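Structures are listed in the sections that come next.
Look for chain A in each of the two complexes below; its partner is chain B in the first and chain C in the second.
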Partner chain A sequence: MRMNRRTGALALMIFACAVLLAVTLAGELASEPAGVTDFTRKNLPPSLAHLFGTDWMGRDMLERTLAGLSLSIRIGVLTAALSGAVALVLGTASAVFGGWVDALISWLIDLVLGIPHILLMLLISIACGRGTLGVTAGVALTHWPSLARLVREEVLQLKEATFLRAARRLGVSGGDVFVHHLLPHLLPQFLTGLILQFPHAILHEAGVTFLGFGLSPEQPAIGIILEESMGYLAAGRWWLALFPGLALVGVVALFALAGERLRLLLTPATAQE
Partner chain B sequence: MRHRLQFTAKKLFCMALLLLGVSLTAFLLMAASPLDPLQTNIGQAALGTMSPEQIAKLEEYWGVNTPAAERYLGWLGDVLRGDFGTSLLYRRPVLEVIGQRLRASLGVLVCAWVLSGVLGLALGVLAGANRGRWPDRLVRGYCLTISSTPSFWLALLLLMVFAVWLKVLPIGFSGPVGVESVSLWERLRHAFLPGLTLSVTGMANIALHTREKVIDVLGSDYVLFARARGERGILRRHVLRNVALPAITLQFASVGEIIGGSVLVEQVFSYPGLGQAAVAAGLGGDLPLLLGITVITAAIVFAGNLIADLLYGVVDPRIRRGAARG
Partner chain C sequence: MKRSALLVSFLTLFLLAGCRSSQPSPSGQPEQKMAVTVVMPPTSEPEAGFDPAFGWGAEEHVHEPLVQSTLTVTNPDLTIGYDLATDMQVSEDSLTWTVTIRDGVKFTDGTDLTAADVAFTYNTVKDTSSVNDFTMLEWAEAADETTVIFHMTRPFSIWPYTMAITGIVPQHAYDPASYGSSPVGSGRYMLKRWDRGEQIILEANPDYYGEKPKMERVNILFMEEDAAFLAARAGRADLVYTSAAYSDQNVDGFSLLSVQTVDNRGINLPDWNNPLTCEALVHHAINLGLDRQRMIDNVLNGYGTPAYSVCDGLPWYSEVNKVEYDRSGAKALLDRAGWLPGPDGIREKDGVRAALTIHYAAGDSVRQGLAAELANQLRELGIQADIKGVGWDTAYDDALSNPLVWGWGAHTPMELYNIYHIAPDNDSALYSPYANQIVDELMDEALACSDLEESYVLWQQAQEEIARDVPWVWLVNVDHLYWVRDGLAVAEQKIHPHGHGWSIVNNVDQWSWE
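Moving on, here comes the complex of A and B:
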């Protein structure tokens, strides 16, 4: 049976969310044994007993990877939601108020886009004293501009729509217009943008952590695992870097694919194919 | 010509304002940091053994007790005179450090920038023109995989394959360790993997966007009409010309991404470039250096945008005439 595109995209999205949930739960369960060191089994290459191998302290890499992924996913969801909220507020404010508010917000967007993302994340992380707070704030405060632009343009278009003008003339208050008339039209585009934001957020979290500005070395994080694996590359312990990275790519690619499918469905130009 | 100059002047003014904003933002962020530069660079143990006078001297050196506003205004005044201060970690003028690091990075950055632009455009056109067939699927699969891959992990993989496993390329740095004069061949060998990583990752985004634009153009009425007339060379005459503008935008917008990517990639390859200096400055609390790097990379990004804006007029006669009329 061939599914049509709408069902296909939906099924993919549900599958992606299920995988996400499963990994988070598995990571939750694995975070306890992930820290267990056992020097009788250190530096083992991948085998049936340890699918991803073990590191120099005898920790099981599969458990560490799962725990790290789960942590990354939680931070990714949190930061994507935060930056989405910032984008929604600033984008709408910019379109609704216009004038100097619009000019200021547009200037702010140019400013954030002008500094290379990773550099700005490092700066924000430093301002928050690094650590979990630093990386969360850093990723959340750098990913809103493109989404804010999208929201701004959508609202600008909607603002002139007849049904909105009619609602205003009929005396509906500004807040009600926003909730009942603007938001339902905005939501599909906004949610897709948010879902496509999530992979970026996870990748950047791993990057910032990798550079030493994010999660602390005691925490099981993919960035930490990969950073540590660098020291053992020349010794030929390829499994330390290969599998954790591969797992991260798998989760991110799944979400990018599902988000892309949704975007195609929701864009009028490509929806009818 | 006059409005072209006016336009440029206006853009330059906006750029200066943005740069001021960038420097202020970066400064405030660093000044707000609760991390004590003395603790991070000297350590608790060493501080414990020092006399109060020594500590006071160090505090003065790292600028701990000077108020933020005073420090920023002082810095700004110096910058306007062309002095970016002295790097606290390297103990040399910031501009000198940046210049040296930039020389090491620039070749890699420019190569990766050009390669990713040209190859990305080619792949995008290939995929868009063959929409739905296997070249399109291949290119799309590649782009999706690459855009989901952290660049530093890709760098690690390449390092494992080429340096550890095949042993054909060196494992890091910009030249052999401890050798004073490095031959061009050695330099190229060391720069190859970082450049490859940056090109491979930079390409994906450009290819995806170009593909969409090509599909747009191919679906337009004028291409349909050209086909109906039996015209040949549609790709060259209609598609490439209409893709040129967005391609320029993409190419110059990718400047920032390439520089940002180099921060991560240089870290993996221990390549002594600008990105690595930024990380070192960030970890060590070297405010003048990090501030200088931020402002200079932002200036490069803004300059890229300005060039893109100016190129539009050169490439597209409609914009040129529109500006002349307006």
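Moving on, here comes the complex of A and C:
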């Protein structure tokens, strides 16, 4: 049976989401054993007993990788959701109120976009005391501007739409207009933008942590794993970086895949293909 | 485009991880037999240059200043010998030190080194040094060309150890703004070139008053640990620092040199602010119940020695610190203290669980490994131990209520004082809550002693008193490891202090090629 593009996209999206969910749950289960150190099995290359090998403290790298991915996904989802909420509120407010509110928010967007991304993230993370809070705040507070700009453009367009003007003329309140008429039209673009934030957020969490300004070293984060592995590559312990690195790329690719398929399904031009 | 970039990155990663050069590069052979290239960690590069006022030789990681002479030196057994000094007398009240110095010593600019230069150096470091404590010195004066007198604010019997790390600078050529990068001294070597962030080149001082250095040129490169290892593999250096993580590797044409150290790692057990560690019996139980050799084998690949004090093997060390590992004895002590095993094996007392969080400096894999191994061993005693990596910005405050993995080990008994003596304007020692009046009195007495040898005995008595409380538990002394090119004879090393940098080249003048 041949699938049409819509069914194919749906299947791929479900597949990506299922894998991500499975990785998150597996990582949750692995987070306890991932921290267990057993020096009798240190520095073992990949084998059937330890598929990803072990590190210099005898920690199983598969368990650490799963726990790290799970942590990355959870932080990625949380930060994307937070930055999405900020973007939705500010983008909508900017378009709806116009005037000085629009000018102020547009200025804020330009300001945040104008500061080098990674630098701002590091500064926010340090200011918030690093750790989970620092990374979450750092990533969340730097990822909203482009989405906010998108929301603003969309709302500006929708504001002039005939059905909205008609609703207002008929006396529908501002809140009702927003919830019943604006939001349903805004949602597809917003959701797609939001999901495409996930891979960015995950990579940036790993990046900030890799540079030593993020999660604490005893947490099984991918950034920590990769940073630690750098010192051992010259000694030939390639498995410490390769598998966690590939796994991170895989998760990011899956999120990108899911976001792209969702966009295909929700965009009117491609939704019916 | 993105995919191809990704592919290239991964190929590079593979190459980096897997490449092994089977032969050292021929170009890596020393050009001249009297030159040596040494690789040190980037942290060993002296930020403020070669100025003793800014810590050269006398920072946390003490070493001989090489480009300057010192009045005294530490002998291989860490007793005191003479360099510039020919005689040293201390007054009965221990408040005046009279030091006679060699005649005929010249700085590398050809001028004579006199007692006035010595007095100038000490008065300068007293006024400007932000790195070292010179508050015990009131002022220094030159009585004549070869006699310098130190007037002290308080008795300080271990003053010769301070004199062993303070390089003498010339009064006429000292400008604090430029001396660090263009030092003039009278030591065994002269600074020939300094490319910041890369290398330092030292050349033998032709007018040196002592034995002519065998190594005429010393190149010092600064590299991270992995780059240093690759430099050894490529044959680009003759002596390269390394760590236990690389000790199982083979480098053609090189062998591994392991140097004994007092570069110890230990934890503080806060005497108050923590419900578990406030009990002396718990301190003793932890001290007794740790298998230090297992720590060395597991974390240091066997390259270390068990540590029982902050000064193992030094003249002021007391054997009373040594304990024999006894796990069942440790458990019995915990039972006696009322910490009894709960249903999950973790001990409890009055509803409080025996739990600790051991902090360590984030990014230091040895300390992290030791903290993890320590936690494993504590769990076997029935103490729940978690580990947490912290930055040094918060570590000192954290250590007031939680054990922290520290690294110490200096060539002066002052370290005992700094760790165990009540700090000025405080009711406790500086780094971890602890106070013992008898210990303080013995140490004060040791400092007031007019005879250095006698003072060692008092430092040892203070340790006997400390051993009753065990406010710190010492774990291991970390051996300093180096890849040494075959044919390079590295002169015998005195016990290295904390810091894996300049100590190795303390006697580079005596190294030779076979």
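The definition used in the following text is that the second predicted complex is superposed on the first by the 263 of 273 C-alpha atoms of A that agree within 3 Å, B and C clash if a C-alpha of one lies under 4 Å from a C-alpha of the other, contacts with A are read in each partner's own complex, and residues count from 1 in each chain.
The rule we apply is simple: a contact is a pair of C-beta atoms (placed from the backbone, for glycine too) under 8 Å apart; a residue touches a chain by one contact, two chains touch by 3 or more.
This one's a predicted model, so the numbers in the text were calculated from it and none came from an experiment.
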item: Which superposed partner A:Ala234 touches (first chain B, second chain C, both, neither); value: both
item: Touching partner for A:Leu257 - first (chain B), second (chain C), both, neither; value: first
item: Chain B versus chain C as contact partner of A:Gly212, first or second or both or neither; value: both
item: Partner chain in contact with A:Gly245 - chain B first, chain C second, else both or neither; value: both
item: First (chain B), second (chain C), both or neither touched by A:Gly98; value: neither
item: Superposed model, chain A: greater residue contact from chain B or chain C; value: B
item: Partner chain in contact with A:Gly174 - chain B first, chain C second, else both or neither; value: neither
item: Which superposed partner A:Ile124 touches (first chain B, second chain C, both, neither); value: first
item: Touching both chain B and chain C, residues of chain A; value: 130, 212, 230, 233-234, 236, 238, 241-242, 245, 249
item: Complex contact set, residues of chain A against chain B; value: 107, 110-111, 113-119, 122-124, 126-130, 199, 203, 206-207, 210-213, 226, 229-230, 233-234, 236, 238, 241-242, 245, 248-249, 252-253, 256-257, 260
item: In the complex with chain A, residue positions of chain C that touch it; value: 6, 13-14, 16-18, 20, 225-227, 229-230, 245-246, 248-249, 297-299, 362-363, 365, 368-369, 372-373, 375-376, 387-391
item: Partner chain C, residues of chain A touching it in the complex; value: 37, 39, 42-43, 56-57, 130, 212, 216-218, 228, 230-238, 241-242, 245, 249
item: Interface residues, chain B side, partner chain A - complex; value: 17-18, 21-22, 25-26, 28-30, 32-35, 144-145, 147-153, 156-157, 159-160, 164-165, 171, 256-257, 259-261, 263-264, 267-268, 278-279, 282-283, 285, 290, 293-294, 297-298, 301-302
